[in-house]
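In what follows, chain A forms one complex with chain B and a second complex with chain C.
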Partner chain A sequence: MTKEMQFKTIVAQYCKVKPEDMANDMRFREDLGFSSLDFMSFLGELEDTFDIELEEEDALKVLTVGQALELLERL
Partner chain B sequence: MGILIRDILEESAKKFADIKAVKWLEKKEIHERSYSELMENVIAVRKGLQAEGFNGKHISLIGTSSVEWIESYLGIITGNTVAVPLDAGLPEEDLVDLVNRSDSEALFLSPKNQALLDGILANCPKIRKVWMLQEESTGVSSEKTASLAALKAAAGKCDSDTSIPSPDGVATIIFTSGTTGKSKGVMLTQNNLATNVVSVDYTTDPGSILLSVLPIHHAFCLVMDWLKGFSLGTTICINDSLLHMVKNMGIFKPEVMLMVPMMIETIYKRLASADAAIPKKVLADNVFGGNLKIIFTGGAHLDPFYIGEFAEYGVEVLEGYGMSECSPVISSNTPETHKAGSIGKPLPNAEIKFENGEILVKGSSVMKGYYQMPEETAETLKDGWLHTGDKGYMDEDGFMFINGRVKNLIILSNGENISPEEIENKLALDALVGEVIVTGEDNGLTARIYPDQDVVAAKELGEDAIKTALQAFLDNYNKNQPTYRQITGLVVRKNPFIRSSTKKIKRQEALIDEPLPMA
Partner chain C sequence: MQEFYPLTAAQKMHHNWILKYKTQQVSGVSVVASLKSPIDFGLFKKCIQLELERYGCMRVRFTKPDKNGEVKQYIVKKDSRDIPVKDLSGMSMHDADNLMQQWAYETFDGDDIPLCDVTMLKLPEGFNGFFIHMDHRLIDSCGLVVMINDLMQLYTHYRFKSAYPEDLADFEKVLANDLKKANNEKRFAKDKKFWDDQLDALGEPLYSDIQGPSVLEEARKRHGNKNLRAADIELEKLFVDVKDYYLEPEPTKNLLHFCMNHQLSMTNLLLLGIRTYLSKVNNGQEDITIQNFISRRSTHDEWTSGGSRTIMFPCRTVIPLETDFMSAAYEIQNVQNKIYMHSNYDPALIEEEMRKRYKTPENTTYESCYLTYQPMPVKMENPHLVNIPQHSKWFANGAATKKMYLTVSHTENGGMNFSYHYQTACLEEHDMELLYYYMMRILFKGIAEPDMSIGEIMEQV
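So, the complex of A and B:
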């Protein structure tokens, strides 16, 4: 599984959109229906899955799937 | 007559002296404080406050959960000072307003929030001292600023401990959303807090592990995680971030937790999305840490669906009901007495009656009033009966149920009470916003905006341009707000809102977007 698909599979746990239907401009809260806590929990899962440490302040600025993928690529 | 948090704490310090009171993570290592060590620090803080001349004064705290925060809070309320815990996530202007409106003369500030220091010192003229919530030197050069260690050192100048506070004296002021858009400071006495702690029917073995995941400035967390937990000799573990809640359950292996419904909903998504082939016991151990037996939930109503689902993973979910004005618990399900969908039976110190369907409460945990707000106090407290603003009923077995609201507050499933007017007033400042109503849907806030038609015409804006401009404005607004006050939905209306004969927008019809009838 590619890193992007692995990432989208985690996103899909919190919403009803399938990984293959997920567009990069989709917004977590407005388009995917994430609650504020879903988003925090999702970030925690990213840390565990990809063995990274996120700066909470930066991570919370992320609004879209594409922005989160970019953040992941930078780390 | 009455009881004091100081009495409860001193008894715990004696009975559970060597048991760990608090555990927390620092750079991935677990640190801990025993009950006797905790008590030593609490006494040092209260003696320090006395030595520095703060007897009888109000003292704010800004920061997230930490051992230094809770020791300082307990130092304040077990002495002769009043604690004002504030939400560290609020914008600076709101915090400055609350520090000023609470007449605070000193502040405990978390190092993470050090950026607030200059603004507070410049705009809060009554503040005489700020102690950073850290032991070592602060690195801040200001004669008004010192470390917690310096405050404790000042305690050495005091031979005697502070005098015993009066049970009827105000111990704490907790700010809560007001329906008029201005938050109100709920004054809770020593006796209010202490009787709530002893009236909640729950007990556990000393040294049992509790993981605290809620914001510490909230009455539910402060009183039920911390004060109740300390009264039982519980070891309270601090969740360092909501990002790591599940990971920290694995590290600390709690037996009991307090959560708001949103947390239960989020955890359920993880459980439900797991591979169906994984046995539930294995999944529960992975997600809950292996020892979790009970989740107490409150702050908002939980869909009873989750109670049944969590039971399959061996976790009992018990719902309760309360509000800051009642210190906070009014009723709760317990391991022995519970009914799914209900908010449990009233605490023994709470008398309940119903007036036009509204729940009214009287008893020893009902607040003294709202600080410096006599009109709001008189509206809420009538003949000793607190008008909760919630509608409900009691069934034939004595279990209470909620079925509506009287007041105009949005209750999100994270337990936050949102005053829509407070946010609408801020959104209305944008020139393109003609009329705005904020509603609560799907665990978030939606702004329903009717654009200002003069601005639309002057700038020749089309539908897409209006939406883009309003979304950009909301994104910018959201940047400075705590997550629970962020706007996550935008509806651009084609028509103005329907208004009453007194020209007020009819909130209950805010979802209807139809042309107004011809006058």
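So, the complex of A and C:
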């Protein structure tokens, strides 16, 4: 599984959109229905899965699936 | 072979309250759900028995404490109990509610026993349904709503051939995963650092009471410590009364629009309302802590596995009076977002750290107010039942571990309900009237003039 698909599989656990239907311009809150708690829990899940350290300030600027993927690639 | 698991942090929270307050009553949760429609009770009984199979958390039991006092949980494979029917149809609804309230005060006493009682009911005015009484270590209110909807879907499937409900996540699998996450050392270290950093930056919290500074002053006298920053907890007289206030749909819409337009969550707006009131009645105190409950349900599995996933964390903010309303709201949101990221941590460890650092006396607290915001209504979301009147009601367990616990929920007609549970040993209905009145004045002044400072709002309301 590619990193992108692995990432989208995690996102899919939090919403009703399947990984294969998930577009990079989808917004976490408006399009995928994430609450603040969902989003912050999701960030924690990313840290544990990909063994990365997210800067909270950077992570909070993320609005879309694509932006989160870019952030993941940078780390 | 039977597996045994330790308690999760959320379960431990309730378990520790049972030990501290010496009664299981503090951990009771009860609800009635009914429809104004005839029910085939024979079929309904089978559906409840099937629900007991589907929803593993209903079959959880706890072992006798071992020599270190540790209790483990296990899930019995089968619970084939009979489900009784009680006929309350000859009573008024008021009397039936009063009787159910008495049932809600009942306790589950003993080890290795079922902690879930279900009774089918014939209610007044043509309503029929069921009453469920459980231990909060097994389930929280979101879990109960999911269970009620699943049960009604089972019933409508067998009665009206509607679709069979989707599978629920396996409680045991989700429990094992939660415990594994809690044991992740790297995650634990990050979470601990976050909470320790907050204490490093802000120092010891300062108690703020709904009734003003006199409560802390009395605690200082009682403990002979004029610098004490925590106040005593009521441990003996736990009787709780409930005062509900209803906010009409139109003003509710204004609050929701404000939240939507400013990307603010309702929880954070409510926290700002409470903290501003506490600041107002405590001579403008800027350092305020409120315990806020969150339900750790984000993934599909977490939503449908049942269990007790609600846990409280202290929301501490130091907001100068000259801060404008909007900035104060964002400040709370910022703190809450960080808390959410570290919400796998066991809040008992935060308390333990504070006791170690500040030598906080036993049975004292830094908080007088607790908040739960429930965006999910207790409503049977089932297309077959949509036009049938429903009667649902939560019943207080009658024993409060907290001085004032506010539950805010949405009503079916678009309004909001503010349900204040308060210890009658310390508070009166008038205290709740004041709190609600000023909370509303503060919130509506703030959303009308978000640039106004917190200090000015406090003066004007």
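Going forward, the second predicted complex is superposed on the first by the 75 of 75 C-alpha atoms of A that agree within 3 Å, B and C clash if a C-alpha of one lies under 4 Å from a C-alpha of the other, contacts with A are read in each partner's own complex, and residues count from 1 in each chain.
What we mean here is this: a contact is a pair of C-beta atoms (placed from the backbone, for glycine too) under 8 Å apart; a residue touches a chain by one contact, two chains touch by 3 or more.
Please read all numbers here as calculations on a predicted model, not as lab measurements.
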item: Residue contacts with chain A in the superposition, chain B compared against chain C; value: B
item: First (chain B), second (chain C), both or neither touched by A:L63; value: first
item: First, second, both or neither for A:S41, with chain B first and chain C second; value: both
item: Touched partner set for A:Q13, first chain B, second chain C, both or neither; value: both
item: Which superposed partner A:G33 touches (first chain B, second chain C, both, neither); value: first
item: On chain A, positions contacted by chain B and by chain C; value: 13-14, 35-38, 40-41, 43-44, 47-48, 56, 60
item: Residues of chain B defined as touching chain A within the complex; value: 241-247, 262-263, 265-267, 269-270, 273, 413-414, 442-444, 475, 479, 483-484, 486, 488-490
item: Partner chain A, residues of chain C touching it in the complex; value: 181, 184, 186-187, 190, 265, 294, 296, 298-301, 333, 336-338, 340-344
item: Complex contacts: residues of chain A adjacent to chain C; value: 13-14, 35-44, 47-48, 56, 60
item: Chain B-facing residues of chain A, complex; value: 12-14, 29-30, 33, 35-38, 40-41, 43-45, 47-48, 54, 56, 59-61, 63
